[in-house]
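Sharing a structure here in structure tokens format.
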Amino acid sequence: MAELDTGFFVRWLTAAAAAVEREADTLTELDSAIGDADHGVNMRRGFTAVTAALAEKPPASPGAALGLAGRTLVSKVGGASGPLYGTLLRRTGRELGDAATVSREDLARALGVGVEAVAALGGAAEGDKTMLDALLPAVRALPRSFAAARQAASEGAVATVPMRARRGRASYLGDRSIGHEDPGAASSLLLVSALEQTAGRGDG
Amino acid sequence: MAELDTGFFVRWLTAAAAAVEREADTLTELDSAIGDADHGVNMRRGFTAVTAALAEKPPASPGAALGLAGRTLVSKVGGASGPLYGTLLRRTGRELGDAATVSREDLARALGVGVEAVAALGGAAEGDKTMLDALLPAVRALPRSFAAARQAASEGAVATVPMRARRGRASYLGDRSIGHEDPGAASSLLLVSALEQTAGRGDG
Amino acid sequence: MKMLINVPERVVTDALRGMALAHPELVVDVENQVVVRRDAPVAGKVSLVSGGGSGHEPMHAGFVGRGMLDGACPGEVFTSPVPDQAVRAASATDSGAGVLFIVKNYTGDVLNFDMARELAEDEGVQAARVLVEDDVAVTDSLYTAGRRGTGGTLFVEKLAGAAAEEGAPLERVEAVARQVAGACRSYGVALSACSTPAKGGPTFDLPPGELELGIGIHGEPGRERRPMMTSGEIAEVTVDALLEDWGGSPPTHPVLALVNGMGGTPLLELYGFNAEVQRVLAARGVAVARTLVGNYVTSLDMAGCSVTLCEADDELVRLWDAPVNTAALRWGC
Amino acid sequence: MKMLINVPERVVTDALRGMALAHPELVVDVENQVVVRRDAPVAGKVSLVSGGGSGHEPMHAGFVGRGMLDGACPGEVFTSPVPDQAVRAASATDSGAGVLFIVKNYTGDVLNFDMARELAEDEGVQAARVLVEDDVAVTDSLYTAGRRGTGGTLFVEKLAGAAAEEGAPLERVEAVARQVAGACRSYGVALSACSTPAKGGPTFDLPPGELELGIGIHGEPGRERRPMMTSGEIAEVTVDALLEDWGGSPPTHPVLALVNGMGGTPLLELYGFNAEVQRVLAARGVAVARTLVGNYVTSLDMAGCSVTLCEADDELVRLWDAPVNTAALRWGC
């Protein structure tokens, strides 16, 4: 299997930014049902800044690319998703160290650490109707294939629909949070889909 | 022709109050198109108080009945219509003096003075799209018959529709006041109709 | 239209009860709808009394207190008060130095306050009157009821109030009020109609993509409708309407600026609008001495804004800075 | 939904520009979205810094000034600020006596301020944090993000601000803030949803004949919908929700009461609602020491209200009465 180089990570983050840009209104719409109607705007602001940062200071390694993206999200997004996605990417990047290329398995392991950091920071667990419900299954499936990860994220996002939210803003709604897809799970699916898409273009 | 006694005037004012109560929403609706949506509420507040005042201190003469009604309107209505209708009734009542009964001709003469006082107070003339456009024709026709007065008031009120307002709130709209009936002309018609109705019941 | 009320008929008296409970420094006569300073009458001081229809809160009752009004008489919603109310407010606050009625130029206000003035003088109160007619949207004074009194009222009440607080006699307070009334110009824009409790819904229809220029403060529609504009464009139209009325050339003295919300527009937007207003004023060469941003002269829940400019010499700026201590405007004390 | 804005992305920076122009007594860093007192850092004084998503104006930037906050960091609309903003506000106002971050309990606010606190301490700033979680509508703290911070924030900022202004050291200011946070309870009701600039329309659907009980201040829907009620009925539901949380028996000390508008409800209605709230409080045996009525902790143009009660011993009442001089709250100076 091909190793993933810095270019791959830059292309992944760029594809993620494009997906967020395209789906921003949908994310905001989802957040409007059970949150405060800003998730799409937040993600767009963050990923626009990520693209700019990557162009301005091209990173030297996969870990550096994720670190830069994570720091940028922390300093541009705010809200719950800023620190959470920021932590996800920073922590994953730190795990990758400064290796010039990494394998899919390396990435799966590092992402596992990143996702655990998100869980620790936000105090949420699987089933709480958050981004974790898409991220955790995706990370578990990633060792199999990029497609499996995307598939798992997709199922995870759909599975949030019948859940009752226990963390984040949606939790204030109690039972009324049931019946809506979690916006963070939806944006996580975008990131994982972008990963599959980038890999499918010949790097995975 | 029968002379009009105090009872007639009390019945007239009571019938007017009932008509205002019935049509309050319509008057407010008219005022909403070219004013500030309160004419029905104002008139209802005023005439409810008039009915109460007449019951509490039964007047001793036609002039006293109108005087009491006029003072009540001034102290309860506010807005433009309060002082204007209040002046109309007070001034008319003063003209009638303390005669125990008056003829239709006496009433027409006295109302003429009352309506002139309204014109002087508000600085409006016929054609300015105000209550005067119903009141002035009605007073001119009253010497002929109560029915003629009502007819004239009705035509006068309808005639305000194509007018451009030059006094009162509607004047701020300029040409956009065209095409709407003046609320004050509509309420004046109610008063004149109540007069005809009261007379028809056997006193006119 | 849902409202936080009990019944429409009691909206004003309910509000006065609630105001009394929040402001022990005011004496509120709920039944007669009169609000006066607790320390009134203030010995030797000219009293300022204003009033008008309710629905413009905090104006006028929120401007009662040291350095501004001595008394206010709120009428029913958008209905000028009856003469009795104004007479009571005058009698309760007159120290013998006389009373100045500050009247917004609406047919109803003028008629009722004129009656009040006569009645007050019958009671031995020396009473003067100043008319506020600052709304430049009413261009055709001959064929209308004349210019409406809107945001300029705040400046007349504040500046004349400061003069009165300093002990100026009635003629001087009246002169200041008249000077200020002459120095003020206002222009308002609505993004939505307001809903009155009596009507229970919007007082006019404003389609989604349009705004209404040159509105008054009584929920009455304005003179012109335009497709929706940006905050910057609205600032341009507004400032230019004001300056045109100054005769094309900017005022000689710096201005006091009021960037006022009509009630339903968030403060976040009003501050942003202020940035645009100040940008346009600067571009047109108008110096700004002081700026006040907020909901002061409102039209219930109407979304929109108005701008009032008051050309102010050093003395007027000094009077603006003078202490004021009311429910809605408070500084220096 | 029409708004008085240029483009949604610039709403907050436009507002900050406009605020700077209206308030020369504040230093506004528009680019970095930080507002601080002009005289900051005040020698020897503990600094109070707060912030949160924009859309709640005048909170927090309107509470910056003598006797209240030293700095504020407004995030995007309904989005908590990023750590950098809070760090900047802390650094700019720290006199060496330390900084207290006042944080409303929302996941985003907590996470970003926690990061900020770490970063500030790295820079050598002694930083403490107090959490405001006063919203009794959130009953099930175990299975939620915990109680939201709403109207109680005003009391924490005012009372801790007064203590800091008097020269209390960080531990004491923090203790006051914690006491106040524990003594506050809030409950909110929406008659309409608010519209965010980004969404351009209402954040939830509320049918004509219904209201939403137990709302937050971020345009998020509440926990329960009911047919529309009168002002008096809403006051009963609200006060009873608050008192139930006190354990059924009324607070021992008198309360400070905030009768707060969500932004789109006219002041006229808020005062009327206050009358009802005070009636219910009296009927339930709750003594009220002070009352504040107005739009202070808002949710853009949302129509509705919230009530916050803060149980206050003599010392807290004294701190409430202490001078405060900010854009939105001003007395005694």
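Think of it as A, B, C and D in the order they're written, each chain with its own count starting at 1.
The rule we apply is simple: contacts are C-beta pairs under 8 Å (C-beta built on N, C-alpha and C of every residue); 3 or more make two chains touch, one makes a residue touch a chain.
Predicted, not measured: the structure shown is a model, and the values here were computed from it.
Asks: Which sets of chains still touch one another once chain C is disregarded?
Replies: Connectivity without chain C: A, D | B.
Asks: If you average the Cα atoms of chain A and of chain B to get two centres, how far apart are those centres in Å?
Replies: 73
Asks: Measuring from the mean C-alpha position of chain B to the mean C-alpha position of chain D, what distance in angstrom results?
Replies: 53
Asks: Could you work out how far the Cα centre of chain C sits from that of chain D, in whole Å?
Replies: That gives a centre separation of 29 Å.
Asks: Residues of chain A touching 2+ other chains?
Replies: Nothing qualifies.
Asks: If a residue has to touch 2 or more other chains to count, which residues of chain C qualify?
Replies: 77
Asks: Tell me the shape of the graph of touching chains, choosing from line, ring, star, complete and other.
Replies: line
Asks: Check the chains against each other and report every pair that touches.
Replies: Between chains, contact exists in these pairs: A-D, B-C, C-D.
Asks: Which of the residues in chain C come into contact with chain B in the complex?
Replies: Residues of chain C touching chain B: 8, 53, 75-84, 106-108, 111-112, 115, 137-138, 140, 143-145, 148, 196, 198-199, 203-204, 216, 218-223.
Asks: Within the complex, which stretch of chain C touches chain D?
Replies: 2-7, 10-12, 14-19, 21-22, 54-55, 57-58, 62, 77, 191-192, 208, 211, 228, 230-232, 234, 259, 263-276, 278, 291-293, 295, 298, 300-301, 303-305, 330-331
Asks: How about chain B: which of its residues touch chain C in the complex?
Replies: 28, 32-38, 40-42, 45, 74-84, 121-122, 164, 166-169, 171-174, 176
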